[in-house]
Each structure stands twice: as structure tokens, then as C-alpha cells.
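By written order: A, B, C and D. Residues from 1 in each chain.
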Amino acid sequence: MTQHKIAVLVGSLRKGSFNRKMAKVLAELASSSLKLEIIEIGNLPMYNQDLDEDPPSAWVDLRESIKNSVGVLFITPEYNRSVPAVLKNAIDVGSRPYGQSAWEGKPCAVMSVSPGAMGGFGANHHLRQSLVFLDMPTMQQPEAYIGGASKLFDANGRITNEDTKKLLQKFIDTYRGWVELHLKR
Amino acid sequence: MTQHKIAVLVGSLRKGSFNRKMAKVLAELASSSLKLEIIEIGNLPMYNQDLDEDPPSAWVDLRESIKNSVGVLFITPEYNRSVPAVLKNAIDVGSRPYGQSAWEGKPCAVMSVSPGAMGGFGANHHLRQSLVFLDMPTMQQPEAYIGGASKLFDANGRITNEDTKKLLQKFIDTYRGWVELHLKR
Amino acid sequence: MTQHKIAVLVGSLRKGSFNRKMAKVLAELASSSLKLEIIEIGNLPMYNQDLDEDPPSAWVDLRESIKNSVGVLFITPEYNRSVPAVLKNAIDVGSRPYGQSAWEGKPCAVMSVSPGAMGGFGANHHLRQSLVFLDMPTMQQPEAYIGGASKLFDANGRITNEDTKKLLQKFIDTYRGWVELHLKR
Amino acid sequence: MTQHKIAVLVGSLRKGSFNRKMAKVLAELASSSLKLEIIEIGNLPMYNQDLDEDPPSAWVDLRESIKNSVGVLFITPEYNRSVPAVLKNAIDVGSRPYGQSAWEGKPCAVMSVSPGAMGGFGANHHLRQSLVFLDMPTMQQPEAYIGGASKLFDANGRITNEDTKKLLQKFIDTYRGWVELHLKR
């Protein structure tokens, strides 16, 4: 079976990041038809339109990575009820220069992961507003607001809670279908 | 009359930034009771919780600048229907370490400035959602979604359009009242 | 060619409603493959869960109309920076009783129309947040924030502005493709 | 001590509504300086601009009730990730006719109450976006997203959970301070 390459963007830079752990869990759960690859975004210089003519190499690399992917998976914490700057910067860098966005048309999904009960709802929906502008077909259900993240993973980064595992499996399987539908365009 | 120090954060790094021009116009319009000072945010390392124990000096400086101000004025473009990363990063950096937010209680106002007709509505309201969490009393009216920014300033950075000038004057005068009300707490 | 039935919901009750005029313009522009039908929502009793066991007939009719449609087109003004109650009520009524939502899986698109410059951006995106929960695949581009609505239509309800006509044609043609893609699931 | 009259709007029509129960709990907790009164909004005809010249009496009554109050407290469930139509309709009715909004300047606070873990975050912030336009100074903290509502009240409508009781007391006490601050304008 063809393995579709999916770029995974993680919105936290912390070494022990729950969101990064989640990315690894999802990569394992993904059926053989999806190959999830984390794209590193922590070293991207802050977007500045003045640099568009002679862009930093990290910007160029990010844009290439996105263009070479079939779809995109966003996994994000919530900072101050919205999207962390590190993830927003990757989005802004990938969307430019004007008219050459790397994101256009890539089928995507959003998962938010946070220690609190609300599971990053604010970040999740702010991100979705950007995805409208970027013209990325966005999976609607299952919504994934994963709360209580500090108790979710065991020492090996595995999820032991069966309900969460089921939701994650449903999320990634539905996303595979979403990607394949959009390949028919 | 006492001049209250107001920190101004500008959400664009471009040299010819319309938002920076607007900050200068507002600084001139501010009555003698408000002293608007642009806080530079372009050189802040991206927020990463792992650095909280030994924070970069630019983070420390930002937090000091905010704490030394009576209020905060946000002037922001819209990137991909939301807040630019450079401004969100300043917000995230200023809000940490946990429990020591520099923003708490500072009366603030939001202006969005963009070349398009919609004047940065998406960025304006996403920013407001963060301000709820940060516990910053936020001026509601006049809302300021300044569109058509590329035709707004003359060669000396002045605004020639009388309607816009009136709105800006009303904005800054109302904000002065908002700041003074919150000093009574 | 098969004509797919599309339910059109209009968020204003005013007789001279710009949004209703827009619905008629779009019905004409729709290619022969889409049949746009306005579903009347002004007479729906306000949603109240206590009535779910013995629902008003207007509720039952709305749910049937949606279920019998292939897709849904929302055309909405903005009231107080959000969705008008009349449209939100139709959404709430159609989504219930719990587990029997009429909206699920219907491919949809959103257009906002208002007299102001911002073209109903606030209503447009608030509505999109509900569509995530309702699991309605939502067209991302072209976004349609139609401002200046009071000068848009001639005495016969036609649009004379060529740029707007082009945008509307692109909107409805892209939506047709979106509907047809989702029929392949 | 002067008792300031506060209009309470409840966003659910269900007889056993958790939000209505919460309104009663808050009315008891309010210090002697605030008199909370539920304004009934279930019988308001849907807003329609055509009726502005000869408005339904229920509209006139609502506008009077708001104008006669010092502040407003919104208590709302979440329907489809946004504000219930019944509450949005009250907001729209109270905001008109154009230029005669009853809401202007009234200090307010928002609490969302829902059975789910996320406590109505989506409704809470959509409502806040409307309050910007309405020029209602809105209390920022404590945010109140009250989840698990189906287990919150005992048979007499009392709250037994001590943490929730503390949050509610802090909420209403802070709101009293917010109202009193805005009386100094």
C-alpha cells in the first residue's frame, strides 16, 4: 500500500512536551498508509516580510518539507487561550512569499493537547481560523481536545487510558480517509 | 499633569511597517497624560518552558518593561486571519513563568491595521481572547479595525484622511480615560 | 446532468434582506448541477430541549428538509459581531435530538453579506466553529465576506459590479466541486 | 448599603436548566450590594429589523429592564460550540433600534455552564466578541467555564463541591468590584 507522507507540526519546544509525545503515539497508530514525520520548527527565524527576497535557509527548508507532503497534522498546546508563537510562526513562514503558500490544498487535521480540562479548545479553533485562509481542507470530526495531558503517558511515552487510545485510533483512521478523499480531486 | 507610561507592542517587524507608523502617530496624538513607548519585541527568543529557570536576558527585559508600564497598547497586523507570531511570542514570554505574569491588571487597548478592507478583524479578536486569560481590562469601544493601510500615510508618516484622524483621536482619548479609571482600583 | 439539491439558509428576516437577494443571485449562478432552495427558518420556535419528545411541526419540517438535501449553503449577515439568532436557532433545532443531527456529513459553504466594509467576518467565523461540531465538511476558499451590501443590488436584485459577480461565480463553482468530491465518500 | 440591580440573562429554556440553577446560586452568594434578577427572554419574538418601527411589547420590556439595571450577568450553556439562539436573540433585540442600544456601558460578566469537561468555552468567548461591539466593559478574571454541570447541584439546587463554591464566591465578589469601579466613570 502506498504510504502517504504527512508533515506533523508540534506546537511546543519543551523537551518533555506532551504534544511531541502525542505525535509519536499517533505515528505508531497511523495505519501503514500514512507516514507521519515531525517537521522541526523551533529554529525558524521569526517571519519578517523584509527577508522574503533573500530568505533564511530554515524558511526554505520548511516550505520544501510542506510541499513534499501529502497532508499536514497539527498538534498543539494552548498558550494564553491561543496558538503558541512557535507554531504560528511556522504557519506564517510557510504561507509566504505572497502567492506561493506551501499549505494550499493540503488536507489537514488539528489535535490540541493540554494539562487542563479544556484540552486546548481555544488554540484548536484559533488555528482552524487560519486554515480557512490557507485553503487547507480541515477534518471536522472527531474533534480532539485532549485534556489531563500530564497523566496521559507512562514512562515509555505510551498511553494507558483505553478511552483515549480509542479516540486517537478513530482520529487517525478518519484522517486517513480524509486524506484519501482529497487525493481524488 | 502626570504622564502615565504606556508600553506599545507592534506586531510587525517590517521596516516600513504600517503598524509601526501608526504607533508613532498615536504617540503624537496621545494627550500629555500618556507617554507611549514602543517596546521592541523582534529579538525575543521563542518561548520555551525549559528556559524558564535561566531565562534569556531579552525575556527579562521585556517583563521589566511591561511591569514598569501603567498600561499596554497593542497595534497589530493580521497574518493568516490571526495574530502574528512575533506579537504572540511577546505575549507568551511576558506571561511566564507561571504565576508571575507581567501583564496582570494592566489596562489595555487593541488596534489592528492592515492593507485589506477588513482591517485585521481576525487578529484583533484572537488577541482579545488572550487578554481575557491575562486579566487585562480591555477597552471595548471604539473598536479600531484600520483598513486600507497602504494608502493611509504620507511620505512623512502622517495621516491625511480626516475621518481616520478623528477615529484615532477618539481612540486614544477614550483609552486615556480607561487607564485612569483603572488607576482607581 | 443530475441536479444536487442544496438547502440555502438565510440569516435575516427583513423583507428587503440583502442576504435573501444574494441567495437568489447565487441560485441563478449555480450551474445546472446544483439546485439551490431557500429553507424558511423564521417561524421555528426557539430551541428548548423540553420539547424534544413532542417537537413542533416546524422543527420536524426543517430537519426533513436538511436530510433531503445533498449540501447546505449558509448566507448570513452579522449581528453584534456574531451569527443572528434566527440562523443559530435553525442550526440548534437541526442538530437535535441528541444523536440525530440532520447536518452530519453535509458538505457546506458560508457566505457573509453586510453593509459594512468587513463583510460579516465575525459571523462567518463563528458559524464555522459550529460547523466543526456538526461535522459538516466546510469549503475554505474562496472566503466570501461581501461588504457594501447596500450598494450591491440594482432595482431588480441583480449585481452590477463585475468583480463581485466573478467572485460569486467562483464561489458557487468551487462549491459545486466541493459537493461532488464529498459524494465520493 | 446600596443594592445595585443586576440583570441576569440565562441562555437555556429547559425547566431543569443547570444555568438557571446557577443563576439562583449566584443570587444567594451575591453580597448585599448586588441584587441579581433573572430577566425572562424565552418569549421574545425573533429579531427582525422590519418590526423596529412598531416593536413587540416583549422587546420593549426587555430593553427597559436592561436600561434599569446597573450591570448584566450572562449565564450560558453551549449549543454547537457557540451561544444558544435564545440568548443571542435577547442580545440582538436589546441592541436595537440602531443607536439606542440598551447595553451600552453596562459592566458585565460571563459564566458558561455545561455538562461536558470544557465548560462552554466556545459559547463564553463567542459571547465576549459581541460584548466588544456592545461596549460593555467585561470582567476578565476569574474566567468561569463550569463543567460537569449534571453532577453539580443537589436536590435543592445547592452546590456541594467546595472548590466550585469558592470559585463562584470569588467570581461574584470580583464582579461586584468591577461594577463599582465602573460606577466611578
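The rule we apply is simple: a residue touches a chain if its C-beta (ideal position, glycine included) is under 8 Å from a C-beta of that chain, and two chains touch if they have at least 3 such contacts.
Worth saying up front: this structure is predicted, and the values here are computed from it rather than measured.
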Identify the chain pair with more contacting C-beta pairs: B-C or A-C. A-C
With chain centres defined as mean CA positions, report which chain is farthest from chain A. D
Give, as an integer number of Å, the spacing between the C-alpha centres of chain C and chain A. 30
Averaging C-alpha coordinates per chain, one finds the centres of chain B and chain C separated by a number of Å equal to 36
Residues in chain C with touches to at least two other chains are numbered 81, 122, 125, 129, 132-134
Please give the residue numbers of chain D that touch chain C in the complex, ascending. 12-15, 42, 46-50, 79-86, 88-89, 91-92, 95, 122, 126, 129-130, 132-134
Hey, which residues of chain D end up touching chain B in the complex? 125, 128-129, 131-138, 140-141, 143, 177, 181-182, 184-185
Which bits of chain D are touching chain A when the two form their complex? 81, 117-119, 121-122, 125, 145, 147
